[in-house]
Structure formats: structure tokens, C-alpha cells
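Letters A, B, C and D mark the chains as written, and numbering starts fresh at 1 in each.
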Amino acid sequence: MDLNYTPEQNALREEVRQWLADKVPAQPLQSFDTKEGFEQHRQWEKTLAEGNWGMVTWPVEYGGRGCDLIQWLIFEEEYYRAGAPLRVNQNGIFLLGPTLMEYGTAQQKERFINAMASGEEMWAQGWSEPGAGSDMAAIRSTAIREGEEYVINGQKIWSTRAVFADWVFCIFRTDPASSRHQGLSFIFVPLDAPGVTVRPIAQLDGLPGFAEIFFDDVRVPVANRLGEENQGWRIAMSTAGFERGLMLRSPARFQQTAKRLVELYRQHRDEVLDLSVADAVVKAYMGAQAYALSTYQTASKLMKGGKIGAEASLNKVFWSELDQQMHETALSILGARAELLPHAPAAGAVGNWLDGFLFAQSGPIYAGTNEIQRNIIAERLLGMPR
Amino acid sequence: MDLNYTPEQNALREEVRQWLADKVPAQPLQSFDTKEGFEQHRQWEKTLAEGNWGMVTWPVEYGGRGCDLIQWLIFEEEYYRAGAPLRVNQNGIFLLGPTLMEYGTAQQKERFINAMASGEEMWAQGWSEPGAGSDMAAIRSTAIREGEEYVINGQKIWSTRAVFADWVFCIFRTDPASSRHQGLSFIFVPLDAPGVTVRPIAQLDGLPGFAEIFFDDVRVPVANRLGEENQGWRIAMSTAGFERGLMLRSPARFQQTAKRLVELYRQHRDEVLDLSVADAVVKAYMGAQAYALSTYQTASKLMKGGKIGAEASLNKVFWSELDQQMHETALSILGARAELLPHAPAAGAVGNWLDGFLFAQSGPIYAGTNEIQRNIIAERLLGMPR
Amino acid sequence: MDFTFTEDQQLLADSVATFLHREVTPERIRASWEGEGSDTRLWQQLVELGLPAMLVPEEHGGLGMNELDFIQIAQECGRVALAEPLVEMAMIATPMLAQLAAGSQPCARVLQQIAAGEARVAIGHPLNPAVADAGIADWLLLASGREVHLVPSDAATLIRQDSVDPSRRLYTPEWDRTAPTYRVAGEEAGAAAWCAALNRGAVLNAALLLGLAQGMVAQSVTYAGDREQFGRPIGANQAVKHHMANCAVQAEFARSPIYRAAYAVAQDPARAHIAASHAKLAAGEAALLAAKNAIQVHGAMGYTWECNLHIWAKRAWALEKNWGDAGFHQERLHAWLLEDTTDIGAEHTFDYPAPEALDSAA
Amino acid sequence: MDFTFTEDQQLLADSVATFLHREVTPERIRASWEGEGSDTRLWQQLVELGLPAMLVPEEHGGLGMNELDFIQIAQECGRVALAEPLVEMAMIATPMLAQLAAGSQPCARVLQQIAAGEARVAIGHPLNPAVADAGIADWLLLASGREVHLVPSDAATLIRQDSVDPSRRLYTPEWDRTAPTYRVAGEEAGAAAWCAALNRGAVLNAALLLGLAQGMVAQSVTYAGDREQFGRPIGANQAVKHHMANCAVQAEFARSPIYRAAYAVAQDPARAHIAASHAKLAAGEAALLAAKNAIQVHGAMGYTWECNLHIWAKRAWALEKNWGDAGFHQERLHAWLLEDTTDIGAEHTFDYPAPEALDSAA
């Protein structure tokens, strides 16, 4: 155990910090759930890609830096420290990219990876269906092979970023006689293909953060399939697997939230009467710090060849409830002003805590509800009966 | 709505207060889970009965005062206010007594009620079996009729007070071919009958608060059966029903605990660093007060002919978790001294918080675990699917 | 001692509940989000039911009822997430006007107008950062220091303050604080009036919050019974059941404190502060838990704008912090509990603390 | 940056764990409750494994290892609820003696005896109201003001203080505080030594508490898999699963802070206080939750003396409040977070706060 950074690691940190100091937009971008904000964020992805900072763990040949997990953590720390924009491209670079590198053909990699990395082609994700949420294997949408094409019919829902994205990656039932996890394939569909209809779904803040996608005899070439036919479940599971799950929620994000919360508390301390706030602020620091330490420990273990599986469910439960707790605490500190939208003249310096609070409500739901995660912890980690 | 006591109610309060001031032993009795303490408590029951304060809601003919529920609440408030001894006789007077009045024959009432009320005969309760805890209908112990006797075989467990009591009331399977809720009968067994073996079970504090009872060809007369043969489940359920459930845990008890907690907090306030204690003390007051108000509301409703059913599960969850919360808070205030037994020289004025804390751990378990209670709330009160 | 509502109170509450459940649909609430927001026809219906006049004293043309008569109605308003400004006006502003009417002709006149269904009054308590529904009010009850000003709404400049809850139409007013005609209570009487208003506001909002909590639980139970995953309704999962059971427990033990507090503000308002703070805290917690668990039980659907749940959840988040946030009410209880002279314990369930502790509220 | 244990550290911890799980049975713990309580044979086995000598510096005949080498062993001692006084002696008292040995011959001598397995030392930190295992110790490390006294146990009068946990044999000592031979550190050096001991004590107890939590979860999972109600194991109920899952989450996120804190006390003890307090708080919460949920999952059985669970639960209740209770450690974190000069945030995960904030600990 050595909890000091190496000179190389410190140099990387310094380099990232400098680059971000130069490049991070002075004004916050608009929400990427608006048309204009989406394009601003797409531009930021391009800037990142030009500096080879788009996805530091990717191999150099794909515009990455071949960073290991500790280096990635350092990058993330600096990224959140700098207040850099959220990653509109996360479906592509965190979820699809690594999967494509593992399962894609040479042609697929060539066709998709660079365009994805540069922000030129943005990706939405298409797993869930109205009847297949927590029960993802209940997928019913079909992609029926006709010669060198698949003909797609059905419906996806909760597809993040789909309103403004260019492509969606989905799993469809390619064997109509199959059931559950069998007979599914992993297929890419351009969102402007004939027969595709995207219906935006507004989230709690009123912005269309996700969408329903309807497929009506949509035709895509067989070359749009990733991996073998009817092997889609296994590929999708690896996409949803640990290492990317870890990357979807890097600890730096929560550490910065905890830091802002502590600052908010310092600032308002004399007015705060709520008897639970002091304890909650201490717990917020502890939680964010624990999540960071745990991630460093996991990263160290993985770098030494360790494996990790159902433990990811512990992380999911922890960060999502920590995020709720921190935002609830912030609203308690703000008191009656907490309900005001940031642009309200009387809002003062309420900041974006309300928005963060709304977003935090989704944490225990998406990427597998916390109820499902707790089942996994009990059954797979602790070995309790099903 | 009129939240003022009537002159008659105030007079009753005054009368109880006076009587208790005269009679409550100056020194606390020993635990009734010891032989000596049990006899001290038996004596106290006798004193209560002599003053006709043993069970104020009982009819005058059985030594009660025919009090209504509000009067009962007033009595309880004064009882706990005075720090009077715990009721060793609660199985008899709260659970069995009312059931006996409803279902007993004239002979049974004559035989049992007065002896129960005076503390002369003390009762244990025999519902659970090793395989029938939360699943009470899984009872397997049998009482097989032979002429004018039942021959009893089997085993009961978690029988409170059985170590020192004189009698136990049980349900046994009288129809050996029956299953679940059918074929059960409600039967009284003297604990000194041949074939009865009582094995004390020590609780967390080391004292034998309950016992296992083994029945080996135990013979009791048919006259020891309460109600019809094979109707025991229904009778047992009415014994476990709301009104007595309410009486098992009168709000006064928790209000006095909250009061002591507030006093402890006032006393130690300058040393308490724990950031959660102030909030917990406020919550303790609120919880005890809410439980009292809710009970007054329920009592008022029942007195106007209202009925109450699964709502009792709300109470059970609430008071049991409130009791845990209050005792945890007290131990937090006491800090490192909290682990010391009261007789330890360095314990100082830790009082009986530790004992109360240990006892509070049983609250969410007995009389139906809180998990079962939450199922009942969801299914019966809210109508969720089974 | 009788802790039940009278038959009349219950009948009235039931009939208003029936009306509200029939008329106040989510569609109608959503429609009211357009424009300045009031649903004129709905308001007219509420007037016809006599609700705004309930707490106007008989000598001013009203029904002379009190907060206890109204409390279950407030709860029902929460249950349907009524967006109209009925509750603040009828149970907070109106009794405040009545309190001041003896010494103030303008207050008496406005009470007459309320009773006749001809005027609406919005109230700006110093503890709240904005005035709800000032945009559709005819009169504003405002604080200048501790003075009470009664200002015609067209004499004030209203600055819109958007809330997370689109049903809450908030404004901060600016007006000529020196105009002597507005002043209906000076510093001393004003302090007492604002203090009493705060207690009523706390109790009323507690009832709304309880209703909101119950409304969210009801929707979630229905949803969990309909929505299937893994071949059965999600509500058959014990974790989902227990989320809802926990909400039910919290709501149940907020209910009696609210009714008791409503009784206190109606019968002995000068000693109602502890009961009011208890009610608000308990209901606020119940509502926050219900919002959280209801969203969780709804899954992704609960996170959308199109699902009606957020109408309730956002109201709960907003109201929980108005009329004294949790810290304000905790601090009142905490300070009171710390006093050596404070008697709690079994025999004090229905005691009312002495009024001197009220100071902190103004 | 490498947050893993070395292969040697892991091998040692695993082999000690194997030994402990084989030898330290509940039956053996219960047997030790009779008499003064030490299990002489077990102690001898621990000595043979070299455990008491681990943290004795090499120049005093020990193995010269540090707290990080020992931390997983402490966790395993918690997991089996070891009642022997190994952990306080090896990881708190021994490093304290080592710290003072340069200026104190008696300390150096006692270290030699520890390394040889010939002496046991109990420690009485001012924050703890009693001294654990003083009755079987040869030496006592005691505080007189901030001075450190090293007292032969037969020179002290020991007053027994019964704990809820029969495995904890507590005493308050009385001794001649004026005898100059006992004094091994004066006010200044003593303050630093007690402060460092407190941090070690917090981290060590955190590891014990984590182990206790894990031990209780393991027992409960087994019980819930065996015990049947309604025709299936109770562990198949989602509520029971989630009780255990909640414990697992808390334990998991106490683990890394403990290892980090052990690293801190080993590498930079003067700046270890924040990490130590974090570790103790997180582990304390995990252990309290595990005790509560484990009892609940065991049902009535969990409330009995004959079920082994209480051996773990009572230890958890006791240790959570020793070596600084939650309030003490919260206050340290709280005071530190309130300082404007305190830097937290993503880039500061492995920063160690400056030592001046240590004052509050002595």
C-alpha cells in the first residue's frame, strides 16, 4: 500500500489542470437537454477530443491516452474540480465505446469510434421497453432478418439523449421464437432512418432528458449488428458491467458536491436552525470521501488483475443515496428559498441545488433500481436464498 | 372535539394519584424475571386488586371499575407518572381476562378471574412453537380428546413469564387431521401438571424472561378448554386483537421515557457533542406525544362505536421503533459509560437506560415482527397485492 | 375529552372531498399552469360551496366557523393538490383580518367582500420569501417590519418568482410603505397578528402536506398494483410494500398532532405554538418521505413530467419549507424542551404551554 | 498510488484468520466468562503466532511491523469476537511504549517482555471510563493528568466495573500517583502520546467494529437460510434480504476509510486524526446497524442469551462508544470542516490535515 501519487501521476494531474484551466468555458453551458445546449456540449466534446482528453483510458490509436484506472481517477478529479461540462457523450464513450472495441469488427471500429469520440455522432441508449424495465429480459421489439437487412418493429423507452442524438444502440429480439435472455441481438440504428419516431419525454425539470423511440419497419444493414446474432444479451451485460458502471459515476463528482455543501454550510451556518444539518454535512463529507477511497481501492485491485462483479451494486446503492442526502441537506440549509428556480429574482445565490436535487431523485431508479441492487447484494454477495 | 378533561375525569386522576402516592413501593422492586422479584410483583398485583385498581376497565363484578378507554388512559398516565411497578400479570389481565369474559363459561369465569386478578394465579402465554413463530398457524402440538380429558403433547416456546407462573393458556391442535387455522383449540394448562417441563430461556440481560414448555402426555380436563373445540384460532385472534394490543403498550410508558430522556439531555447538554442528539431528543418528544394523541383519538372513536382492525399494525411499528430510538439516544448521551451495568461503581447515574435499551430490542420482534406488521399495513390497509 | 370531529364537521369535510375529487383533476391543474393560472370556474365553485366564507365571522357576513372546522378540508385540498389559493386565504389571511377588524374598517370591509365571494386576499408572512397567488388577489396582507399593511393589489408592483412547482404562483411585492391608509396594525398588534398567522399557517400547511402524502401513497399503490415486471405486479414485492407501509406509519402519526394543533389554534391560539410546530414537522417529514418513496415506486415513470406524481411531490417540497421550515419549528420545540419549567410526560398530553415562549415566532 | 495490501500482509492476515476461526469458538468465549476470564491456552497460541510482538520495534526484540500490517488481523479478531486483550495491547499500548522507550528504560523493558510473550499491558486512556483487562495485565499504562504512568498491576487497586458485555473485563485503577518510578512521560510528551494512542485506538476499534459487523451479518445470513416460516426460508423474504444488504453497504464503505486510517497512523501519525475519526464513525454506524438488523432477522432467538449473536452485538455496543464516542469524533470532523482553511474536494482525497487540529484530542 502506498497512498502517495508518483511523480508521473502528479505530472499528469498538472497537465490536465493546465489544459482545463485554458479550455473550460468561462460561462456554464446550457443544459444538454435543450437543442442549443446539446450543440454546445457537442462542441465541448470536440474540444476534448482534439486535446486527446475525450476518453483517457482509450488506447492511443482511438484518440485516448491508454491511462490506467488511477490515472483516470486523477483526470476525473481535475475535471470535476475545474467545473468542466457534463459529458453529453457518455452513452458513446463510457458504454458503447469499450464494447465496440471488444466486440466490433475492424470496419465497425473504423466507422464509428472516431466519429463518436469527436462528438460528431452522438449516441443514445435503447435498452428498456414499456414492459421491460427492471425485467430487462422481457424485451419484445424485434429485428427480423431479411437478406442483408434487419427489419425492426417495436418500441424503446427511457432512452437517454435520444431527442438530439444521431444514433441509438439497442437490443432487439432477432429470434422471434425465443424468450427471455436468448435470441437477442445488439444493433445500431440511425435515429433519422425512415420509420423511426422519437417522442421526447420530459423529466421532472420539464426538459426532454429521455425519449420513447418507435420503430415501424425500420431497415438497417446486418453490418449494424455488434457481435454474433442472438448473442446480444451477453454483450449488453458487458456494456452494463462494472468497469463502465464505475466510470458512469466517478467519485470526484460527489466529492465536489460535498465540497460545495460544506461551503454552503459555512456560509449560512449562523442562520441554520435545522438540528439535523450539522450531522448531515459531516455524513456528506464522510460519504463522498468513503466512496472515493473505495474506488481507489477497487481500481488498485483491478490493476493487479483482480475481478469485480456484484460489488458494483454496493456502489450503486451508496452513491445514489449519498447524492440524495447531500442535496436534501443543501435544500434544508437554503430553507424556504430552496423552491425558487435559479433565475427568480429573489433566489439570490441558491445556485443549482434544486436542479441537482431533482436529478438526484433519478439516482436510485436508473441503471437498475436500488431494490434490484439490494436483491443482488443479498443473493449474489451474501448468498441469501432467491 | 373537546380536548379538556371533564370534572369527573379530573377527579379520577386525582383519586388514582393519591392512591398511588400512598401505595407505590418507595424502593423499586427487583426484576420480575427473578424468583424474588416475581413474588414482589405478585404482591403488588394483590395490592392493586385490593384497591380495585388491578384492571380498571373490567366490570365491577370482577373487581374492576367499568372504566371507559379515556378513563383507562388517565389511569395509565398516573400509573407511569408514579413510577409504579411493571405489570407482571399482563398476560392474565390484558390478554386472557377479557377473552375469558367473552368466551368463558360461568364456571370458568368463577374459577379463574378472581384468582387472576388478585395475583394469586399468574398466567403465561403459549402461542409460538419452534416451527410456528411469525407463521403462527403452523402449530403442531396436539391435545387429543380421551373421554373428559385432553392428552397434550408437543412444545411451546417464547412463553413469557412461564418460568414462575402458575398457568399457561395455549392453542393446541385438537383435530390431528386438520391444518393451518382449522382444528385448533384454546386450552388452559397448570404448569405444575405431571408431564409439563419448563425450560427457562435467558434473554439478553441473562434473566429468564421466557421459557420453552414441553408437554409429555399431559392430561387436563375438557373443562379447561375456552370456547368451542376447534375454534381456538378465532378466540386467540380476538385475544391478540386491537383493544388489548393497545393496552399492552399504553402511550404513558413512552411519554415517561421521553420525559426522562429530555431530563437526561438537559442534565448532560454541555458535554454532549453528538450532532444527532438534539434532533433525536426533539423527535422522541414528538413521537411519544403523537402516539399519545393518536391513542386518545382511537379511544374516542372506539367509544363512539367505531371499529379498528389492521390499524393496530401502524401502532406496533411506531411504538417499537420509537422505543429503540429513545434508548439509543439515551446511550449516545451517556457515551462510554453506557455499557456499564447500573451496579458498577463508575456507572454513576446511568440509571436503567441500558436495561431499557436491551428490552427495546425485542419490541420490533414480539407480538408479530415489524416485517409482518408492514406487510399487514401494505396489504390490508393500503390494499397492495399479496 | 373527546378527540373526534362532530358529525357536522365530518359531513362537510366528506362532501367537500367528494367535490374536490370529482372536479380537481390533474388535467385541470395542468391547464391552470398556462397564463396567470387561476381556474376561474373552479374558484367560483369553491365560493358557491361557501368555503372562503367559512372562517369569516358572522358579524362580517361569514359563517363564523373556525380552523378545526376547516382542517379536514385543508387535508383534502392537499390530497387532490388543489392549486387555487383557497387555503391560505380562508384559514390564514381571513382569521388575521378578523383579528384586526375591530380596530380597522378596511379589514372589516375586506372580510365582507370575502364572505360575498367578491375578493381574494394573499398573505405575505415575513418568514416566507414570497407571496403566493398575489397575481390574482384583490388585496395583499403584507408586513412592513412588524406592521400589517392591507394593500390593494393594483397598488403594488409584483415581481414574479418562479417556483419548482408550477402551481405555485409566487411574487414579491413592492408598495408605498409610508402610505397611512395601508397600515391596519402597528408594531405591537402586528407582531401578535403575524405570530398567530404563523401558527395557523404551520397547522394549515401541515394538513396540506398530510393530504399530499396520502395522495402520493394512493397513486403509488395504484401504480404498483397495475405495473407488472417479472410476471407480477411490482407491488407484490415486499420492498415496495414496505416503502408504502413506512409512508403510512409516518402519515398516521402526523394526523392526530395536526388535529390537535387545529383545535389549539381555534380554541387557545395564544398557546398553540408547540402544537403547531409539532404538526408542521411531523407532516413535513411524512410528505418528504412520501414524495421520495412514491417516485421510487413509480420508477422512471415517477421521474417524468407527464406522470402526475410530480404535481404532488413538488408541492410537498415547497410547502415543507414554507410557514417556518423544519429548522424554525425544531428550534421552537428544542428551546422549549430545554427549559426547566417545561413539563412533559404522561399527564401533560393536553397541556398548552404558556404564551411567553411565542416571542421567537414574530 | 497503490491501495492494496502486500502479498505478505495478506498472507499473514489470512493465516491468522484461519487460526482464529478454528480456535475462537463461541463455546470458548462463553467458557472465558467464568472467573477472571482469560483463556490461558488461547493467549499462549496468540503469542506463539507472534501477534503481540508484531508492533514491538526490532531493537526491543519485536518484529518491527506497523499498524497497517495489523489492521486486517484486528478486523478478523472482531469477526470472531475474540475476547482476549490482544488488540488493545498490540496496536495501542505497544506503539505507545515504543514512542516513549527512547526516554524511558521501564518502557523499553516492558517492550522486551511483550516481545518475549512474558507480559501483558492494559491501557487506560482518559477518554475511556475504565481499563479493559487490567485484571490479567502485568503492567498498566495510565494517565495522571496528561502524564503517562507505567504501573505494575500489583501496585494498583483494581475496582471491577461490570459491562453489558461479559467478555469485557473492566476495571478502574487506583495507584500512588506521586511515586516517581511510575512516571514515564510528563505533561507535554504525555499529551502527544495520549493523542496518538487515541487515534490508534479509534482506528483499531473501527477495524474490530467492522469485523463484528461482518460476523453478525454472516451469522444472520446463515440463520435466515436455515430458519423456515410459511414453508420457505425467512431469508427469501425481500425485507430480510434488504436488512442484510443495508448492513453490507455500510460495512463496505467503512472498510476503505479504515485501511486508509491505518495507513495514516502508520505513516504520518501526527496528521492521522481526521482519517481516524472518519474510520471510527463509519465503522461504529456499520456495527450498530448490523447489531440491530441481525437481532431483527434472528427474531426472538436473537433476543436470547443462548443464541451466540449477543456476544457480537454487546461488544459492538460497547466498543462503538470507547476510544471516543460518536460525538467526540463527529465534533472533530465538524470543527475541521468549518475551518475556512480546510480543503476538501476531489483533488484532496489523500491529503492529510495539519497536526495543529490535534489539540482537541488530548
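Things to note:
Keep in mind that, in the parts below, a residue touches a chain if its C-beta (ideal position, glycine included) is under 8 Å from a C-beta of that chain, and two chains touch if they have at least 3 such contacts.
Given the structure is predicted, the values throughout are model-derived calculations rather than measurements.
Note: the chain lying farthest from chain D is C, by mean C-alpha position. When the C-beta pairs in contact are tallied for B-D and for A-D, the bigger tally goes to A-D. Centre-to-centre spacing of chain A and chain D amounts to 40 Å, using the average Cα coordinate of each chain. Centres computed as Cα averages put chain C at a distance of 52 Å from chain D.
Residues of chain B in contact with two or more other chains: 275-276, 278-279, 282, 371, 374. Across the assembly, chain C contributes 237-240, 242, 330, 334 as residues in contact with two or more other chains.
Those residues of chain B whose C-beta lies close enough to touch chain A in the complex are 275-276, 278-279, 282.
Listing the residues of chain C that touch chain D in their complex gives 237-239, 242. Contact residues of chain C toward chain B in the complex are 1-6, 9, 68, 217, 221, 224-225, 232-233, 235-236, 238, 240-242, 244-246, 248-249, 252-257, 259-260, 263, 267, 278, 281-282, 330, 333-334, 337-338, 340, 342, 344-350. Residues 128, 131, 133-135, 138, 157-158, 201-204, 206, 210, 272-277, 324, 328, 331-332, 335-341, 343-347, 354, 357-358, 361-362, 364-366, 369-371, 374 of chain A are the ones that touch chain C when the two sit in their complex.
Residues of chain A touching chain D in their complex: 1-6, 9, 13, 70, 76-78, 80-81, 251-252, 255-256, 258-259, 262, 265-266, 269, 278-279, 281-282, 285-287, 289-294, 296-297, 299-301, 304, 311, 314, 317-318, 371, 373-375, 377-379, 381-386.
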